[in-house]
């Protein structure tokens, strides 16, 4: 029996967890649901000792677990798979596997154990490959295997299904069910209702750091959604847009190296069209997007924007041709920590002026803030914005007239409401003839927003299908590499 | 300490009323630390000697160089010393040339001495003709000849290394002197062919080690020994050569070294020290201070040799050679060599001598002039090593 | 009162540094108060001394201003010392070879100094952007090289007539010295240059797109690139500008202070400039007063030996302690503000 | 030949202590930039203690403790005060060098005690290797043992793996129950102590005695070599020996190129920079990708969290 009592945690003025109580019996598959920023990860980090709570106690099987110590939590049998798998990138998979164990390192024994566990869960990871070369999904698998090898009694998974195929997901869920049957407590954090419904037998919903309800599954989805958001959200309608002349054409493209390599990619995207790129993480979508953005060199093949060859040109040429790229890592590749909203917009405006007119810049910023409903002022630094607002700022920085918009995981980590808002802004751009190409690990997003989905497998195009013909399930099998099913 | 007031016997109580109440005040500008056991300390002790003998008071500032005191120039220091009542100023480094020339022009009534310079040498290349700026320099050439001789007397491998600082007229003339001394003693006391003597010079690039900028003298010394030399003569300000020789001797090798500059230098490894040629500035400085005090100062160029009757007499000899323990039985021969130099019987600046590139320096029987020795353009024929930095 | 003191970490730091300094001076057997008065008197006691202090302030300020530019761009430009030397070498070359009177040669010498410093810094920059060599490593290495090139030139090709020595090259013709005023060593041109540079760097960082780009590249080069900042060019420009200003410092040292090239012409000012910039927390407006304070300590500390027979390395100790305390106490107070004692 | 190598190995001992020590510290993510000042202070203090007490061992101990404390101060200002480690380290560099000069005045160039040579019987008779490895003194042996031990710890032990994790991804280490700050303080202390031993080895073994010009600059060289060696102890040590070997090369080139005799001493830096450029060149990088073994041999990135402060 796992018992949490009065868990409270503040970050400055934000109360991330506000007196949370939770009881989970052994052998359960228990879900923790909540919108973005609800406090799910914070609660799990406290449970796993990663963070110290300001108040609250944890008991497992009647024994007090000291808080604020990952070691104590692990010893008590609580292990966590973080949202962003915490592995050391230059280490081999095996070294990551043994890292954190007590006592002498016996790599030979560890290798055997690693192999056995992988086989049991049907994972396929080369123990000698460096974690850098593993996809996010594989890194998650590595972490799960590691935690199991430590004999955890409570296994926490923080949004483990982003970046894995539906086949892998089925495999993972099967493994989790087996583990629960063995008496393990599985805590499953997600904001994807269908997954929760598929896997779990009970669910706790958190909003603004508080437990707002607990239900036994199955239970009507509307009820859960209302618990999560406080109101029922309606998806906005897609505007119908006429598809124009080809905006982007790729022929026989090869680029990248190692696992990021792509070969023989040909496709065409027309003005106003939305094309989704599907595939396991690291199947080539990122490389393609970066090549199309002018950030990576082409090895062979051609890239045309509005009929003009641009392959071999610099990033600046691509930008001039009307290409814009929205990267996945907002603070890593999109925004500059420390620079304010006004400064970001000034930089992004690419005005030729040498001396900056700060008055005008502030006015521009005020307008953008209002227009994109950003919670912040012109002088708010980008790193002080919440994730959703960072995404809004990125949208605000997009140039007005675009031929091609390239995006990686445009709504990763956003709750339904924010995601919907983001998409409504994006789709509005189609009216001015912008072609959109985006990659996503969220199959529903691909099926829901794309006109066409291009499926990648090992750096090659496996299928190119109209979204109308697709369901998330069918897409899931394709991503796994199976054409016929 | 540089504030000599407390050590001066002439406190107002003890002084006779008719003598001037103020002691004679002079300034001493040192380029390195006053306790560097080398060049600067020798000057500092020269100043102490004057304080003691005259009851004078010395104002001292050390480390006056752009690296140690980037914001203190010789001119600034002279301003302040004059303000503090200095009646005579010593600028004790070759490096202070421009500063002391400017200061001498700015204070024409204050006598100054620029040690190691040639600005008052009327036949020299840089005669400045300033009536208040004189030069004093010791004839270290003799000291270096003794150093070279000592090395030649001890070497068993017939190979001597010379650890040079940087390449200029002064360092070339001192290195050449050591070579001449070594050749003479190798031939005349060892009875060996001086052409078989290997004499290699390596320049580290500065007066002391600056890691990353100069060669490391420790490495250079090691390399000399590893390459077959068994005596290293040091021409730099620091004692790496002696230190390494001491360590290698302790490890069982038969090696020796000759340090430079400071009378007590052998103390770091006495058993392998063949002796040390040193400067003794006191007598010359006292003489000039007295001339200033009694109003007879004249700006002259003085290139002062040893007192040949007793080169180690602290009251008379400007250049000395302290014998080292490592010399052993060879001491008698070295003493004989020094006696020869003293009597004039041995004069090594006599032709035939060629420069390193084979061009003649002195014809057979020709004696070198002071000018030729002072402004030495090359190493001598037979020496191994770079002659110039161009 | 308490709040006021907390708001100004410098007050606590200066007090703490003062206490430690007094302790050190007492330890060295010197009357601490008298020592401090002497330092002050030695630096600003009369017109001539103030002139010397200002002339020491100029190169330090120039080098520090250049460093602010590179630091804002996130570049650990540790090689300033070498860039100052390169500037001095360049200016010396110009002063020795370009014919004509001061009006021609002085600006030319300063310009060549700027170019030489910029080139030296650019070398570290290109090594970083193209060669993958960390700028700390490249800068340090090139600094050592600059030092030995200077010594080589002084002993070799540029040796002076008569005894060639480390006293430097032959002094330049007097007409190519930076002109001075009032029988002091003060060159108004040099002071004006420093003031102008402070203002220019301030304006550059505050009000120009280039300044914004520097900040962006410094904080996150990957994002900056996507935002359309030519990162490599911006990094190189930052190096060139920073190095150019360091080179100008070297040129002023050669034409306005030493009037020749000496081996240790930079005299550690490149390193001291890093202290200045750290103490100023990369803000250009603070560079001028802090550099002035350092100049006072540096010029005035000669008095400690002349009058009190104290080793003047105490000046360096005082500077270091002050900066250390400002930084440490600043961090301590930030910790309290975050509410974690 | 072996005599030259033996001399290089002996003269590089202090540099090896300092560079390997800093490698340990940086491996944990802490950058201790104070080396140049730290070495000066420890060199001075070690000599002063040995001079006053006659005990070389005590001198080494005091040097090690002092520099360890300095490194701990750098770590503390990063870990507890969240300050920029590079800034603090830099200030300490200048401060400690001045302090060493100020406090060391009474000991300048005094003759004092030193490490004695100590040949290993029998082993030193082995041709070639004997002279290089076994005819030295205890401080040189210690430097050699240090390289082997640190390389072994890094490669083979749990401590080495955890140390690298702390410097690479502190969150990952923390999540696994590894105490990030304990490792960082520990690595700073051990690395700092080695830096102090380097200072002591200068004044009690290689240079003998104290004067500020004797050690100034070596700290920067050690820091540069850590980068050059790619944070791998054996490569870092080889970098130290290479630095010495290049000096010997410069020495040998002097008679060949007398004209540039004066600039040859700074040859090691351009050459080391050149080496880095070659190693980083696209072509070699591509080769490294093709042949992972070669890649691992040639390339090594800085610990990802180097110089950053970890907050949970």
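In order of appearance the chains are A, B, C and D, and numbering begins at 1 in each one.
Here is the rule we use: a contact is a pair of C-beta atoms (placed from the backbone, for glycine too) under 8 Å apart; a residue touches a chain by one contact, two chains touch by 3 or more.
Note that the structure is a prediction, hence the values are computed from the model and not measured.
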For chain A and chain D, chains touching each: C
Between chain A and chain B, centroid-to-centroid distance (C-alpha), Å: 76
Centroid distance [mean C-alpha coordinates] between chain D and chain C, Å: 28
Chain centre separation (chain B, chain C; CA means) in Å: 36
Centre distance in Å when chain A and chain C are each reduced to the mean of their C-alpha atoms: 48
Sites on chain B at which at least two other chains make contact: 166-167, 205, 210, 212-214, 388-390
Shared-contact residues (touching 2 or more other chains) in chain C: 144, 147-148, 151-152, 155-156
Chain A: positions in contact with at least two other chains: none
All touching chain pairs, where touch follows the definition stated at the start: A-C, A-D, B-C, B-D, C-D
Contacting residues of chain A [partner chain D, same complex]: 48-52, 69-75, 80, 82, 86-91, 95, 98-105, 257-258
Chain A residues within the chain C interface of the complex: 295, 315-316, 319, 325, 327, 331-339, 343-344, 346-348, 350-351, 353-356, 358, 397
Chain D-touching residues of chain B, taken from the complex the two chains share: 33, 35-38, 166-167, 202-205, 208-216, 218-220, 222-223, 225-227, 238-240, 243, 247, 250-252, 267-269, 384-390
Of all residues in chain C, those that touch chain D in their complex: 24, 28, 76, 127, 131-134, 136-138, 140-142, 144-145, 147-149, 151-152, 155-156, 271-272, 274-275, 278, 311, 313-317, 319-321, 323-324, 327-328, 330-332, 334-335
List of chain D residues in touch with chain B within their complex: 3-4, 6-8, 10-11, 105, 108-109, 111, 114, 116-117, 119, 135, 137, 206-209, 211, 213-218, 220-221, 244, 247-248, 250-251, 254-255, 258-262, 264-266, 268-269
